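Consider the two complexes below, in which chain A is the common component and chain B and chain C are the respective partners.
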Partner chain A sequence: QKVSVEVLDHLEHLALVDFRDSEGVERLQNAIQFADQLHEVNTDAVEPMDSVLEDRCLYLREDDVTEGNCTKELLENAREKVEEYFVAPPGNIPLPKLEERDTFLQGS
Partner chain B sequence: QVSAALKEGRVTPMELCQQCLSLIKSTKFLNAYITIAEETALKQAEASEERYKRGQPLGVLDGIPVAVKDNFNTAGIETTCASNMLRGYISPYNATVVQKLLDQGAVLLGKTNLDEFAMGSGSTDGVFGPVRNPWSYSKQYKEKSVPKSHSEDKESNWVITGGSSGGSAAAVSSFTCFAALGSDTGGSTRNPAAHCGVVGLKPTYGLISRHGLIPLVNSMDVPGILTRCVDDAAVVLGSLAGHDPKDSTTIQDNFKPFELPSLTDVSKLSIGIPKEYHAPGLSGEILALWSKAADLFRNAGAKVVEVSLPHTCYSIVCYHVLCTAEVASNMARFDGLEYGHRSDMNESTESMYAATRREGFNDVVRGRILSGNYFLLKQNYEKYFVKAQKVRRLIANDFVKVFQSGVDVLLTPTTLSDAAPYKEFIKEDNRTRSAQNDILTQAANMAGLPAINVPTALSERGLPLGLQFIGRSFQEQQLLTVAKWFEKQVQFPMIQLEEVKRHDHDVFQHEKSASF
Partner chain C sequence: MAARGCGGAWRRGWQRGRTLPGPAPGPFPRGQRVVACNARGGAVPAGKSGLAPWVPVVGLEIHAQISSNSKLFSGSQVQFAAPPNSLVSFFDASLPGTLPVLNRRCVEAAVMTGLALNCSINKKSLFDRKHYFYADLPAGYQITQQRVPIAVNGSLSYSLCIDNKMSQMVTKTVRIKQIQLEQDSGKSLHDDTRSQTLVDLNRAGVGLMEVVMEPDMCCGEEAAAAVRELQLILQTLGSSQAVMAEGQLRVDANVSVHHPGEPYGVRTEVKNINSIRFLAKAVDYEIQRQIEELENGGTILNETRAFDSKLGCTVPMRDKEGKQDYRFMPEPNLPPLILYDAKSLPANMNHQQVINIDWIHERLPDLPSVKREKLVEQYGILPEHSFALLNEDGLAEFYENVVKQTRMKPKRVIGWVLNDLLSYLKQHSLTVKESPVSSFLLADLLNLLEKKEISSTAAKQVLAELWKGEGKTPLEIVKEQKLQLLQDQKELEQICQAVIDRQENE
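Presenting the complex of A and B:
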């Protein structure tokens, strides 16, 4: 089955990455088809595995400050900054809806 | 060997460094390096020389030129991951493994080329262009290749290095450094090691710190080690392994660096040959080589048994889902705000993020992010992501069962065939190629097991073929001991690069003898 335009649009929103052209959409379709092979495997009564180190305790260190004070170094790599702040454009403006966006998905 | 030379004063760190740097310049056509840290390298070499003069070298690695894959953070040196997203990004810190190397006195020559964000199996998809396999320019390959016509440009027949740590493998293979760091998520260290005829070690997950390694798949990534011989790999491993408080996925057990014994008696060894690794597409040459290797062990007295890892054929699909899911999460940090590329689009935060990511990532990365997000959607989570996690357990359990039955080490091929010509390789897209090529190396990442590629013989086309050993968790000593024995038996030939003039043969030569 093909993926619906609503889902594709939803994905573009979630990922903040666009499909760009039909090849991108096809790539996703192929990826899904490929992944469907998983359903051939019988996994009844099998627990999902998060990590190969699941039999060990995760290391937690003491809640002490051991490093920091590197504001200058960290700000160096940012393009837009003011004093000690990273500057972002306004955040309360949502991405335009599908009909209003200049996206490849408009055509499909 | 070179370390001994440094100690005895037969060669100085400055000389070594300068020779390597000039070699890098003369092998620029390989495109193995993205950034060459000439100034800092010379300073490090100078400091090392001072230490040797005082008779106080920091250790075996003092003064040894090394290279690091460009997805490790290196303070003050550009780290790009071969992507437009991080072009111009100067890391403010050193990855733990880089720091460890520097603390031992190693001389960091530069950052090597890779597939963008380590996604790929050819080192062909980075923004700085593909890496060329040094063996393309070897006497051995040229002798065997038949030009289609006299006018065919010999340049166009070059073969790929494999990936994604292709730059590191090419650097070690072409003698521009003595060891290099790669990363291994699905075979990214072992695959190029096999194609470039060098040793590629993937350590057990949790043994070496990932702090500073730009993550792809947090539950499978490990830093990889590329060297020209197994002993060297053990030395580097010794200086890198161990708990790191900055990486809570490193185990807390004490790690003791070891020296590899020279095994003479293999009769107590049990070698497993997993039959599922006779994968579709495996070349006849490699199959024969694999068989020959099994015989080698058998004739030397080891117990060689056929074993089964029934879920091997699903490891690629499983990897596909888990990898894209983790990638979708890990790539979310690239939004242009704190570092890296930032788009000029300024209308809203979201549109700036979207534009930045649109401009910064290539098709492969974007494709994986979108696929990953699809598998993580609420309606798909159980069906794909959790299902893949269950299959992962089945794959890991396969290995547990086999090792419990008494097998010490598994012997398998590393790649399906020798290195493909670039022109052939790019005919299929990245995902298809990865799916084809990762099949033999991926399962070890799923299960977190250590694995090593040992260059074994030359193919009919004069290119390197390697075989892989997979060991038990945290049993690197046993794994490397077996690998070292095997390496000694096969006597893999040294690459004969015509265009490269080496001044100091004593320093650069390793054993040179008849082929396997």
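Presenting the complex of A and C:
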């Protein structure tokens, strides 16, 4: 079962990944196939486990101020800054639609 | 518009926009009262003549910032105004290698709030990641509780006035779907001239309680009253200071309309509502807009709209294009949150690691509704009086202090506090704390009145003088302005005779 172009396009929008070429798409399909093996196990009436940590105790921290005040350090890696603010583009720039993108998926 | 319920046409009601007379001490917004709901149920206003009536449906999503010293998952400080990016830890900035550590105080705040709203507290709740890209969300996801939140299935009761006279109050209830813990995002400052956004992460990671109210409301007034009551409850609990102006309480409204008997219509989400007054306006505008659109043969898009307070209308929001897919997944770095009660308390655990729901329940303060009942019972005042007392910060204590220090009956004192004192405060935009007239001074004045040493009119004059805050006592003012009631028969006769004589001479 191949993954449709619509789904691949949707994924590119959501995760801002670029499947780039047929190898990338194939790697995705192989990963899905690998994970699909889980369907062979009968899980009727079994609660899904979403973390191996489920039996661990969730540690609760006291409400004390112990961090912060490191503006200079945080801004060190910022390519652009304005008076201690990080600088970002004016808004989200959505990925152009499939027809308008220069992408491998176009040809599929 | 009819005084009771929604007798008039919806459209007519909108255009007329009646104003509430006098000061509005109630829990609902002052100023324009655009729409009234039928006290017996949902509003069923008539559309254009001949068309079927519309039933508006309003649900709310409220984000309340938790009142705590540090953030939900990190130890950086929570504070409103601070130099940009100074209250940010490595985790808040989403630097690699950092992990979330849950703040105990935030959990307690959520449990308190859940209990106060009659919710079932989930002894096991889970954390999830909600993914979307935005400059003020450095991790690219928000940690929230989508699958199993901390509290579910509660209710909130609030009161409304049926008519403008405030003499008839009706109680309504809205169901609380759930309360969940989640992270706040940073703040974006849009600089359109330079085509850039400045990002301050001070707010990123602050704990939020999201309270989801079911669509049980039918107009702006109901939504506003429900939020006002929630605000009072949060402030009483101390779980949130809930000041809308400081962004500690944010409300998004979900609005739709449909004909009675038909399925619910398409709903829109309204954001950018900055005060309780604007909430009522935004909801009523959106209801009206949808009705007009549908009556003109148009359709309603399932979109997000922003409320423009200057224009008093809602407009489509730019950045929200298409339906968002948040790709929810369990937060892998946090095990389930387990809460205990008296029965399930584990024997060998460190106390600091254990949250006991029953222990919290026992220590809940009196909620506003309970406080109001006690005031009515104790002092014999009307329910609407107790509403007015609790609606203003510090006013209830002020009233009780006056009552303690005067022999005047509480039922008489209430008039002086609500009509005279409160209107002075409102006129000069002062809080009770800032009042130049203390409860001691007012009690002193009322004692003079009670002993019949001055008349009611004279008392108002003295109050006006006291308001100047020049440090004089009521008795001093009475003597200065010669306001004492004369009791001496002879003196009164002399004065009357003098007046009669003067009349004869003219």
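Just so it is clear, the second predicted complex is superposed on the first by the 104 of 108 C-alpha atoms of A that agree within 3 Å, B and C clash if a C-alpha of one lies under 4 Å from a C-alpha of the other, contacts with A are read in each partner's own complex, and residues count from 1 in each chain.
Basically, a residue touches a chain if its C-beta (ideal position, glycine included) is under 8 Å from a C-beta of that chain, and two chains touch if they have at least 3 such contacts.
A quick note: this is a predicted structure, and the numbers were derived from the prediction, not measured.
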Partner chain in contact with A:91 - chain B first, chain C second, else both or neither: both
Contacts of A:31 with chain B and chain C, given as first, second, both or neither: first
First (chain B), second (chain C), both or neither touched by A:65: second
First, second, both or neither for A:83, with chain B first and chain C second: second
More chain A residues in contact - chain B or chain C: B
Shared chain A surface residues [contacts with chain B and with chain C]: 10, 14-16, 50-51, 53, 56, 58-61, 70, 74, 86, 88-92, 94
Residues on chain A engaged by chain B in the complex (per definition of touch): 3, 7, 10-12, 14-20, 23-24, 27-28, 30-32, 34-35, 37-41, 43, 46-53, 56, 58-61, 70, 73-74, 76-80, 86, 88-95
Residue ranges of chain A touching chain C (in the complex, touch as defined): 10, 14-16, 50-51, 53-71, 74-75, 82-92, 94
Chain B - residues contacting chain A, complex: 89-90, 92, 205-206, 219, 243, 245, 248-252, 311, 314, 317-318, 320-321, 324, 328, 335-340, 342, 345-354, 357-358, 361, 363, 366-367, 369-371, 373-375, 377, 383-384, 386-394, 396, 429, 431, 435, 447-448, 473
Interfacial residue positions of chain C with respect to chain A in the complex: 68-70, 74-77, 83-91, 93, 101-107, 126, 131, 133-135, 188-192, 195-201, 318-319, 321, 325, 327, 330, 332, 334-338, 352-353, 355
